[in-house]
Structures are given as structure tokens and as C-alpha cells.
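Got a structure for you, questions after.
Each chain gets a letter, A, B and C, in the order it is written, and its residues are counted from 1.
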């Protein structure tokens, strides 16, 4: 029995070998190549306004942590188990100066210093010897960002021009509902499946149009003319379609570490900078969620979805299993690749060159970190300019002259 | 402390060693001795009429697969993950010629050939280089059968005389409700526990009679005179009881690969060939279900259960936990052996000689496959006759002259 | 990058090593050091009156077992899988002489002897060759106790003076609701986390008072003057507080193997022997429950909780998740240490010296067993006196003269 010949001739599933995921590329766990790369950046872990007076459990990059906000507005992020006897600080109490464990009352500052040990003589004469493991946090754009990496490699939290330059009456609105996942808040699959989908604009004409019916604007159903090119911090894709004789140029980007810079696919707001930025938070190897910050105005949010729709004319949450089978969207296509897709079974084609470019770029950053360097997009000088993206929906005269938005 | 002595003297559970299942005998997974034996046969995976226009997920022999039926009635069975980027074909669309992936629209024929790649130039100029892993399927007796083994060893799908020779007004009725499991459709235990129960007719007088009350006809409560003998494709058992002075001879069979050939235990239809055949589908190592095909007529189904009863006077689905504890049936006895029974802890006795004979027979087939041969019951010539079984309920005069059924 | 230096300087959670539980200390599984120690004692497995005519499944020390009570009141405890073909005796029938398997009717006495094999000739001529693995059981104080250890090391089931010497009108009331767990009947964490909490009286002033509000009597909110000393069978703690100028001396004990000897924390019944004894049953490595026996009288139970309260003014079962976060109790503090706490991450302080003393004592017993000896508290002579505890709530004049209870 010649298995290779048999398989080649017949294509039988009987000869499939054990499928494998490329964990060096997609794992988010500490100590893995990609997990260490991700730990060189700040990641959003919560919408700031959703953190109340109680300890707030978060899970990020495979780590369970407790976030808290003191009455004076300072955030702290600590290892969940009290360094004394291991009781979770989920049951702790947030006080003026930090968080206090319920069991024996040890009090910790946002940077883990032990401030009180009420069961010890004089409130703990040796309390300086104890420290609760902690991570730095920053609040920006209404989101709480954390840095889970080595302290001596901590970059600054970058600013993004699209969220810094506002028109009169605009403000920045944070969102933690996973806009763009196409489904629920927590998606049960590896984050990279979502992220590389951004560099896969071809699927818009199939999944979101021919297959499931029009899920965005009708013009998106056209198979676009697509190009990809590397950017300093990721990959940029340009998709050319036409709208009523004009050129509809749509530019989408992915940027380190997990950014999805995707202009509204319902294509409101032509010829302006992209209205929102999404961070794909890897919760762990098999779950992700998306935090978004975008410009909003009285006239309504500038970023999708318009009219409260997640996809098409029906909210994902309201669809039955059969409806999802009949009209799948991003959620189904990506979670349908499995908890972690089997990279060993893939067969990339020419339409996957954006995905391939993104993986090459990401692997290069992994190698940079492994070699002791700082990966793309890490900034160490607060005076550096805001990050600027090319992403946006552009409507242009065929000759290339911008067209005013109707 | 002499553990052996202590155990022998006292029988304490303290000295139990780690119990073990004989996975070489009962595993259904590809690559295991028994899993490879099972892969030399066709197995039913669905009732044909239950497969609609949507992709139909099935699980068989530990493999997740997608079954589909084209509008022209052709069945296809494929590996669930699209060979392109791994999205499950559960969200695919069944078309005239095959199944299309939702993500990038690749279209596959029932034998896995790639027919269209709409995101690639000209629909995929190199599409012949891609093939979706697949398995052959056949429809017969209202069931869909699949062959999950090596292509060069594929036997024909056998015909069974009991399902081929019909009286006027009879037809073949397929059933996927696991008739004979004594409970729900999917049983949470290894299939072999169910199968070898067929060669264990002694339990009928205990479990189904003395213990739980009469679950079949009252005459089955008699402890029968039992004999076993090997058949070319399995094991046959004859159980002799008496009914009103006549000889009630009941013949039951198991046949490769998973067949249960059990005449109606409510004993209607004496002196005719067995009215149905059941296939025990190993879903995976710890789950099975039963597909059945039997002769039916206007006067009612010829195979059990009569009057819609699964066992006794109460449907299993309607019984409480306490009722199941008080009146257990096959389901409780077999799932009660655990997900996979601990063969290392068994102590077979003389009443288990049918079980022992069946295991010897099955092990012999495993050895035949391991040695490169074709196991019992595999047929490679379509002209071969239908398989004939001796199974049935026979009512005979003491002298051995058949008695007409009243 | 110098990880040690970085960690020392910064306290970042990034440098946490993989946390570890000390399974040699806390595992309850057969074959582990602590599991073997626990197997040298009797453990309560059920409230006798809760065992009815049906087989009663229990789980203790990581072992699943079937308990049964014959019509004449004899208890049996057997390995769940019938030694014949492995069907669980959960579906068995309890008869005059033992338990009968549903499948083939084998009947076993409480000590595992096979009494009947109805499918075998003459009821099983060789039935004496078979034995169902079993453990000894005893009924006392309304509880069913079992011994899961080596038969040749079986001690007697001890008597406790606090449960043997009754006032007129008093009786012993058994309880299986896990009094003292602070929550539900089955707690999802290792038993040792609960047990060592008894030798941690400091937390009473924090968790049960300053943190969550007064959960016992107001006087317990005082940070006590605490001392610990080893007893022959465990550790004893004395906590001195004052009540209206009198000395409130509270003595609590832990005793081998799992006993919690804790006087009512609502402090009724001063100056009498402790009113109840609790046995912490290790269900498995990550679950425990508590059986209690205590003196009761017409005037109400002498052991806690009074007025049906588990903690504070609100029953745990009625609290919402947020309420438990705001007012945690023992349940939250102990299950909040995780399924098995990470001993590698602990930092014990001076207030943990009772916990440390208890662990040293317990480790010493583990070593004794490993060296072939009999651990503390195992008694082999029925004539030995009852075990006496010092535990109790004592109210005394400052000079040390006992004060009559008001």
C-alpha cells in the first residue's frame, strides 16, 4: 500500500496526517515567540468607564488579572492571587490607596507595594519585603491599556492622529463590544484568524456579498482590484472599486501589535481619515475580543455599525443556528477555522498574498524580539509624533481628483 | 505489608490497581488496530431523508465530517475544514455540482475536486492542484453509508437478504433513533459494550425480567438454554425457551463490522427471516448510535418497538433518575460500564462464553488486517449473493416441526 | 536583561514563575504521601438517615464508591463497577444480604463476597472465587464512617467525649450541610485550605468583621491575643478577647485526620465543652464537604448556625455575585485561593504561625506513615478512653475565675 500514491490519486481523507497549528506564530502565552512579541506593546483591557468600585477581572494574553480603579481615578492591575496566602483579589476592596485583600486585609498600591498588614504587629513592620505582582496601566481614548512585558523594554503608549485631530463637536467614543467581529463580544478562536482577515479583502465580495447577500453597501459586492504593501508598522491594502463612475478607493491597514484600521464598510464619511481604530485583544490562545475607539459627533457615531446593525439586516444575536448557516459572516468564517486554525492544512493562493505578507511581517517582528531588538511600532520617546494611517474610504474622479462627498 | 496476601484475604478496594481498557480491541480511532479494522467496511452515517439542503455535520469513527446532498440527489462526504484556509464547510452552500465554502467561495465536487475559485484569476487557473479530502458515500435502504478506509481496499456495500426479499405491500424503513440502545439516540459509551451485549442473552432473564420487571414478552423471562457458534462473518446464538408447550427458538447474530441482527424481542412475526438489521455506529471511542433498516408494512412496522415503547411500559425519555435506578435497562447496564469499560477488572464466567467468542472473532479480524489481509465479510464482487442470516424467532413443535403462527 | 534584578526592583508580574501546589501536602489521592496518611483514618461519607433503599453514590478521597444499607440496617461500601463485567452498582438492587447487579444479577455481601450468580449453573458453583472490592463502614453519631486504607492498619473508630457525655434531654444530631464552609454543601477547592483556616483566627477580625461587617458576634471583631500549641493529635489555638470586662477565652482545635473542633462563633453556651465536631471530608483534590455531629436539645441546636444563618444577616445561597464580592466570607476566601492554592507563591507572616504549625504537624504524620508507623490519633484498642478536646468558649473573671453564663 503506497499511501502517497494513493493519496495523490484519490484525495481520500484517510491519508490526512495529524493537522497542526503554528503556535510559534499565533500563541499569545508568555514564553512563546509570538507571546513575547505581543508583550512588547500596550494592549487595551477594558473600557475605563465600565470599571466601577469593585475589583474588575480581566483576562489578556492568557493571564488572569484584577483591574481596579481607586476613588481618585488611579488604575491598578495586579496578579489575582494575594501574595500572602493566595486568596483572589477579586474579593478585595478598593480603597483610596489601592486594593485590600478580604482574608487578612493586606493592602497593595497600584504598583504592588504592600501598605498595610493589619494582622501583623504595628500593621506589618516588614511589609516592605512583600510585593503583589503587578503590571503598568494607562488610560487613553476612554480605554484602559496595560503593558504585560519586561519592564526594561516598556515603550510609551502611542497616540494616533485619527483619534487626536477632532472636528468641532466631535469626541472620542470607546467601545468594548467587539465591533467588527461579526458576532458576540468574546469570539472563541485565536485572535490571528481575525487579524489576518483584515488583509483578506477578497472575501468581501464572496462571504459578505455573493454568498450571504449584501452585508455592507452594494458597491462592496464588486470584486475589487487589490494591492498590498508593507508599512513601517504593518501592512496596508488598497481596494479599487467604482461608484457611479467615480473611483471608490478603500484603504485598510493592520498595524502592530493587533490593530485593525478599517474604515466603515458602510462607507459613510468619504475622504476623511479613518474614523476608528480597533485593537484585537488576544484573551488567550483560543479567544479574542475587540476594543475600539472612534470619533463620534452629535450626528451619530462616525464608526460602524450604522443603525445598530452588526451585519446585513439582522443582528447576529437574533439569528438562529440555521440562519447563521445560511448567511454566515466574519464570525462564522473565522470561528469556523477552529479554535486555532490548522496551518499545516492550508493551501494559500494568489488572493492570500496579503495574509502571507502580514505573516511574514509578523514573523520578522518575532525574530527581532528573539534577537534582543525592539519590534516595529514600539516608541520610546514621548515627543514622537502621533501615528498616522492611510486608511480610509476615498471617492475620487477617475483622473484621481478627490470628489466632494454628497 | 504483603499486598497480594492482604488483597486475597480481605478483598479490600485499597489494593485495586489502576484499571485499564483494552483499546486495541475497542478503539475506533484511525491508526489503532480496531479502528483500522472498522475502516475496512461501510458504515451508515445518516438517514438519507434527514439530509436537507444545508450541510449536515456527522461524526463517525472519531472523525468530524460534513455530509451534503446536491439538488440532483448526489451525496458527498468531506473533511470539514476547507483545504484553502480551513473554514468549516458546515457554513458552506450546497450547489448543483458540490459544496461551496462561505469564506472565499471555493467549490468542491462530492469527490473533493476543486471546481471554482472565484477570488482567483479566471476562477482559479491552478484549481486542479487543490483537493478537498473526501470519503465515498452510497445510499441504500434509506441510509447513507460511508467508507472511511484506504481507497485500494474498499469493498462493495453488501446487500442483505432480509432487506431484499419483500412480501407484497412491504417496504424498507430506515431509522436513526438508536432502536435497541434502550435509551437516547447517542449513547455515551463505547460501541463494543453495546455490541457484545447481543451475544449475552442470559441478561434478558435478569436485567429485562427478574430485576426490572418484564421488559419484553413474559416468555423471555425464562432462563434459556443457550448455544453459540461462529458464523463466517460473526457469531450466532440460539436460545431455546418454551411457549405453551411449543419450542420457542430465538436466533440472534452479530456480524462484521457492527451489525446487530436481533429479531423483535416482543416476538411478533414468528418463523420469518429477521425483520430488521441494526448497524452500531461508533461515533467515537466513547459514543455510539444505532441505525436500523427493517421491513415495514401498512399493518405497522415489522421491527421493534411495537406501540412506540422502548422498554417495558414506560419510555426511557419519560423516566426519572430514580425510576431508571429502580428499573434499569440496556442503556443503564451498558453506559453503566463506563465510557469505556475497564477490561482489566472483568471476571468472565461461563455465561460470558458468547462475549468471549465474539471478542476472539473480532481480534482475529484485527490480526487479519494487521497482516495485510481482508477481514471477514468484506466483498469485492458485486455479483456476490446477498448476505443471509439465520436470525429470527421460531416457534416449533417439540419434535422440531414448525408451528404456524397464530 | 537580568530577570532577577528586574523583578526585585519592579515587582512586575512578568517575572512570575509557573506557580506550584504542594501536592505532597494536600493531595488526597491513593498513593500520594498525604493521600496515604488520610487513608489511615475513618472518614464520614454520609448522614446515615439519608441513605434509603437505593444504592447511594459517594465520592471520598478521590474514589467513587457505592454505599448501601440493607433492610436490616447493615451498611456496605463497594467499588462501583461490578467485578463481573463492570456495570455500576448504582443501578443495583439492595437486598436482605447485600447488593445485586442489574445486568446479570450477581449478589454481593457488604464485605464483597459473591453470594449468587443466577446466570451460572446452580447459582455459581465457583462464586467464591469472585469478590467485589469493598471498604469497611461503621455507623456512629448518625454518620456513616468508612475506612479506605490498608486492612492491616485499620484503627478503631474513635469516640469523642463531647459527643458521648450528654445532659438530660440532649441528643446527637448529625448534619451533612457543610456547616462552617460559609457557603454551599460541596466546596470547589482542596480541603486543606478549609482546614488550615481553623488555625488562622486572625482572619476573624478582618474577613468576618472589618472587611465584610460583623458576621459573628460583635466581640469577635476585636483582634485577639492569640497563642498556638501542638496537641497529641493536632494543634490547639487560644484567642483572648474581652466581653464587658470579662475575659472571653476561645479555644479552637484541629485534630487528625480532618477534624475541625470549633465552638459556636455566635458564642452561645459558654463554659461547656465544644458542642460539635466537624469532619472535613476531602471529596477529591479539588472538592470538600463537611459532616458535623453535635449535641442538640429541645431548646434548639447547640451548634451553629443559630437562627439558620450561615454568615452575617444574609444566607450565602441568597446573595448575588456582587453581594459576595462586597461581603465575602470563608467560602470566598478559601475557594478564592483556587482549586488548589499555589503554595509556591505564598508568603507566610507571623500571623500565619498557626498554619505553619499545623502543616509541620501534618507533614510529620506523613513521614510517620511513610516510615511504616501509625500516625497520631490512630487508636487500636477499643478500651481506650474517648478523645477529649479543650475547645470551647469560656467567659472568665479577669482573675481567671469562671463566670456563670447569663
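Everything that follows uses one rule, which is that a contact is a pair of C-beta atoms (placed from the backbone, for glycine too) under 8 Å apart; a residue touches a chain by one contact, two chains touch by 3 or more.
Predicted model only: the values in this text are computed from it and were never measured.
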item	value
Copies chain B and chain A - interface residue numbers shared by over half, same or different	different
Chain A on chain C, rotation in degrees - Cα superposition, rounded to nearest 5	120
Chain A and chain B: spacing of chain centres that average the CA atoms, whole Å	47
Per-residue overlap in chain A, given as positions that touch at least 2 other chains	none
Residues on chain C engaged by chain A in the complex (per definition of touch)	1, 3, 6, 9-16, 19, 202-203, 205-207, 210-212, 223, 322, 324-326, 328, 332-334, 336-338, 341-342, 345-352, 355
Residue ranges of chain C touching chain B (in the complex, touch as defined)	30, 39, 54-55, 63, 65, 78-79, 81, 83-88, 90-91, 93, 100, 102-105, 111-113, 117-121, 124, 126, 130-135, 148-152
